[in-house]
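Scroll down for the structure; my scribbles are underneath it.
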Amino acid sequence: MLYKILGKNEYEDFLSDLISKNEVIGPKKKDGAYSDFVAIKDPKEIDTDYQKTTLSPAKKILFPSTEDLVAFKISDTIEAEGIVEYEQKVLLGINAWDINGMNFLDRFFTTDFIDENYLAKRKALTVIGTDSVPTENNFAHHMNSEYAIEGFDLYFSDLGDRFFVRAATEKGNRLIEDFPRFLDTSEDDFKEFNRYMEDYRAKFKLNINMKNFIDNFESIYDKEQLWQKLAEKCYSCGSCNLTCPTCFCFNVKDDINLDLKTGQKLREWDSCMIPEYGLVAGDHNFRPDKENRLKQRYKCKLITFKQKYGKNSCVGCGRCIEACLAKINIAEDINTIMKEVSI
Amino acid sequence: MTDNSKEVSVMPDSINIEVAPVSRVEGHGDLVLNIKDKKIEKLIFRIPESPRFFEAMLVGRNWDEPSHITSRICGICSVAHTYASVKATEAAMGIQPSDFILKLRRLIFHHEMVQSNVLHVYFLAAPDFLGVGSVIPLVKTHPEVVNIALRLKKMANDMVRIIGGRAVHPIRTVVGGFTKLPTEEEMYKMKDMLKAAYKDLETSLAVLKTLDIPDFERETEYISLAQPDEYALYDGTIKSTDGWEIDSQDYLDKIKEKVVKHSTGKHCWANRDAYMVGALSRFNNNYEKLSDNAKSYAKELGLQAPCYNTFMNNIAQFVEIVHSVDDSIRLIDELLEDGMDENKRMVDFKIQPGRGVGAVEAPRGLLIHDYTYNSEGKVDKANLIIPTNMNYGNVERDMQALVPDIIDKPEDEIRLACEMMIRAYDPCISCSTHFLNVKLINK
Amino acid sequence: MVLEAEKKGKKKTIYTPDMATITEISDLTPTEKQFTIQIDDQETREAFRFQPGQFVELTVFGLGEAPFSIPSSPNNRESFELCVRDIGNVSNALHKMAPGSKVGIRGPYGNGYFPHEKMKGNNVVIIAGGIGMAPVRSLLKYILEDRQSYKDFSLIYGCVDPANILYKDEMQQLKQRDDIEIKMTVDNPDADWKEAVGVCTNLIGDLKYSPEDTFIVVCGPPIMYKFVILELDDRSYKPENIFLSLERRMECGVGKCNHCHIGNKLVCVDGPVFSLWEIRNLKEAI
Amino acid sequence: MGKPKVGIFGFTGCGGCQLEILNLEDQLLDLVSAVDIVHFTEAITEHSDDYEIALIEGSITTEHDVERIEKIGSIANVIVAVGACAVSGGLNCLKNLYGTQKAAELVYGDKKDWIDTIEVKPVDAYLKVDHYSRGCPPNRFEIVDIVRSLLLGRQPEIPNYPVCVECKRNGNTCVYELGMTCLGPISRAGCDSRCPNSASGCEACRGVIENPNVNAQKDLLAEHGLTVKDIMSQFNLYNACKGKNIE
């Protein structure tokens, strides 16, 4: 890791320079309390203290909601070839938990089989992180993801009059070389940075009983009434999955054009909260009820990958909590469940 | 072909035609024409289908619903119904949208006009003039015409999609403003689309010049909206070529409606026993306010105000397309100058009781919604006056003038001429609630 | 936008099928047909090696893709067979195809297959229900082709109706052999039915093999597993020697779409064949 | 295989569904070359009574409609109901709520008896419908998908999940966050969440999903200040004829 300092007054020039040379995707005010990551043409458009985005900017770019996978052409014979689309992009302003969410996806899409549709986009992405203020539903600190140690090329922490900059990759180092106004760090800067991190961490207020939950999950698994109660209001609408920065389920469809000669295979985000998710031929459904599905989601987010990768897939961003109109709240539910267990 | 073979007459001096329903008009309708000994015995233009009772459906609905409900009166003029409705509600509650909102409304309004005029001129009427059955053979005989039509239509549809959220039954167009504005990028994109249309308009001009438009003249009363400073579509006073002009809120002073036995659409009259609305009326009342470019297109096509040839209605529609493209570019420039800012999408308003009238020019002519709201913001009473209803009487009178001139022609030609005449009106009967039949019965 | 496929000619990703030709089609039952499939490209064909229990993803272009187990013997390197029940979009379309038709193939997939190497020198019992015959037939064939490497060999096969029995002629032939014991049962016997009636669990009691040197393979509809396992447990067969092939919805076959997740296992990558020992404590597996 | 013959028929409705077919733009020419359109009153004069597939728009609201629909049913092998009016009766059903006689009187006064009108019903009240293209207006791409599926002999993919799924895929801010209400959580997707895309609440024009959580939806709307009457009025805007599962 390379540590540098960039003066606040230099920052805008750094951005202008970046924008002039690259396609930069950054946060821009959208509607209500929400911002959206879109192409930035001018540093002034950037919403520097954005808090909420409906989707994780990394997932939106790397694993878009629909994506063509294979193009095929039917004539006397059939030709099919893979489609791998990517563009060089700079993702600016992504926060720590969304970087950690991306790190999870990186791991997921390159385990067992390598998903080149994801990987090509990932390789073409330069990631410049900054901290953002957690919402009241954020519990990233319980998921070890309020701080990013990898996955970004540069990371800017705002020390007031200057930025404390971390470069984690060669790409990041080069960005620093290309803009000669970065300064070396002093001991003071590190002290200031530590102080800053303390303040930053204090902004995460939500308190959940995460460790016990993981340890006790098996014992609560069969408590059907508990799960029924938790899932009672669920619409099976999938909003929780679809807004999650780490949810990766998808469907694959063959989409043939009206000429009945050309077409493509495409994938489209799916959700494990939708009844059809577990449906197989013969109309047998492996997860017919909403409580089965909620349980599956919590398990997938909080248990499965802890066992598999030693790391949760949930990064605690709180999006699923904010998206759920039934007010099903993973953080609250963890506490409720633990209370139930201790009775 | 139409299934009228059973009723073909054996008497050489009399004709028996039934076209049921007349195609290529939106909705269902019949024209019944009995000719005996070369004289018209009976001529009725009627709407045989069930009405949809929108005036009843509206009663009791919340103030934000009528525009969504009445949009469903007609898929083809859903923008016009939406705005007649929105304007009626705004008038009832004293809501005054900002200039910015009004400009954007005018912009989307133009493109429903273009959507509909393109559909009508190229898909529905052109096959007649080019002597092919309909648009499907037209694909083979005049592919260039079909391609132009598809491109122009796509442009207009895309404009309505961008501003209104979808091409049929727009979503963003609500009381007080818009639920969402197009982005600056989309505005530039629309401007590019409009500019690209000119080439197709020029080619169309060349094709239209070759058309053989029937010679027919019958002067009638032409009624449309009018504005001092623009070719009135979205707003204005109600004006007649018979010399009167009134505020649209007072429409009842001049425009009368009655239920007639053979039709579920009500018949209307004003100064005379019948009047015409639509492109030709707008043209006759507002010619001066067309863009210079549109005026020169009109000149090239031999269309001059006032024009009393109903068949020229199609040409007037084409001239309006040109005007709409010109005026849209102007509006986009002005809107961009104002700046596209989401904060401007709505004005604040309060729900109040009251009565209000919304009058607009639908593609087929003057359209009026008249609502009375109670203090909860629910509709107490609604009255809708629809352009096709207004044209019924005039259609019958035009037929009466047309048929004697061609009465010696073979049956097929008479039928075609009648159909063409009806189609010239572009009678969107689904609005008045339905379809069209031409029935020439001979006893 | 850089379209890799354009830039570098054909691009193969994990989602890109290889072209293959259906060379033969035969009717097995009123609802199942057998398809013989040959991969077009010779190099790819030679590289295509599978283990009993593995599956392929088959595309009917324009209709979709679906996973099918390979019921033929791995020793046939020229082509492989699929046994397909017509139940949905892809399978119906397959049933309407004629020899010579083109399909897309990805695979073989599944790291969990029947461990035939480990089974050598032991008794093997195959318990199949209905279409569950398809995945296990590959093992059946494979063992029969190398019969002397195994001890006793039994097949228990249950179907709803006699008409549903897959590979009926083959079963009749096998019955003539004395190195395999075949027991069949149906729920709804017809007048000609001479064998057992009822669910296949009933026949497990007849097994005389000791748990010490016996491998058991189970494949059938989800409902069958619960009861078969109860029976096997009662007879103390070792969970690490019991193998089950699981079915789940699959959209990719390569561990990405996640539809086949059961706890921390993916049926497509970690299965579809699991030992009972592996999944015993996996909630939702059975 | 010859091209299938298709008839497109309009009953009581706004013509918007037929217009959506004409609005196919880039795909329109592909469509007319993939099938043989033998009847399409809104667009063509040619007409034939020989067709296999009938795309039907509009509700059945008169005795005359009943005769026509029965004739179509006797000819076509495949019936596709296109648009809310045909699928569920759609907005036309508000007339039933009002009462057919009362509605006629309100609009036509003492001349109401001149009007032929019966209770509004969807197409499947008279014919077995094979496929439904829901929505007001229907999604034109879904109409194409149904036609394409018929050509290929497969089942078209009509979602049975709520609009929220598409809304989230599109990255929208939920309209509840914008202070409005939405029927998205119980309404059937397939429209590409076009209303929420325009910052406008879903009105359930495609009807509801198979197992809607209606109680949760009612609570949600009530929390956002709607009275029971408002809620029912929202539910039945497009679903007054087929509203049983949302009562």
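Quick notes on this structure:
In this document, chain identifiers A, B, C and D correspond to the written order of the chains, with residue numbering beginning at 1 in each.
In the analysis below, a contact is a pair of C-beta atoms (placed from the backbone, for glycine too) under 8 Å apart; a residue touches a chain by one contact, two chains touch by 3 or more.
Small disclaimer: the values here were computed from a predicted structure and weren't measured.
The chains in contact with chain C and with chain D alike are A.
With centres taken as mean CA coordinates, the chain nearest to the overall protein centre is D. With chains reduced to the mean position of their C-alpha atoms, the one farthest from chain A is B. Contact count check for A-D and B-D (C-beta pairs in contact): higher for B-D. Per-chain CA centroids place chain A at a distance of 38 Å from chain C.
Chain B and chain D have Cα centroids lying 24 Å from one another.
Distance between chain A and chain B, defined via averaged C-alpha coordinates, is recorded as 50 Å. For chain A, residues touching at least two other chains, in rising order: 31, 253, 256, 260. With touch defined as above, chain B holds no residue shared between interfaces to two or more other chains. Annotation for chain C: residues touching 2 or more other chains are 62-64, 88.
The list of touching chain pairs reads A-C, A-D, B-D, C-D. The residues of chain C lying in touch with chain D in their complex are 62-64, 88-89, 92-93, 96.
Touching chain D in their complex are the following residues of chain B: 1-3, 21, 23-28, 48-53, 55-57, 59-62, 65, 68-69, 72-76, 78, 119, 123-124, 127, 133-136, 139, 146, 150, 153-154, 157, 165-169, 171-172, 174, 179-180, 259, 261, 264, 428, 430-431, 433-435.
Interface residues of chain D facing chain C in the complex, by the touch rule stated above, are 152-155.
Those residues of chain A lying in contact with chain D across their complex are 30-34, 36, 54-55, 60, 65-66, 232-239, 242-243, 253, 256-260, 268-269, 271, 274-276, 323, 325-326. Residue ranges on chain C touching chain A, taken from their complex, read 1-5, 10-17, 19, 59-65, 85, 87-88, 91, 102, 104, 221-222, 247-249, 251-252, 254-259, 261, 263-264, 269, 283-284.
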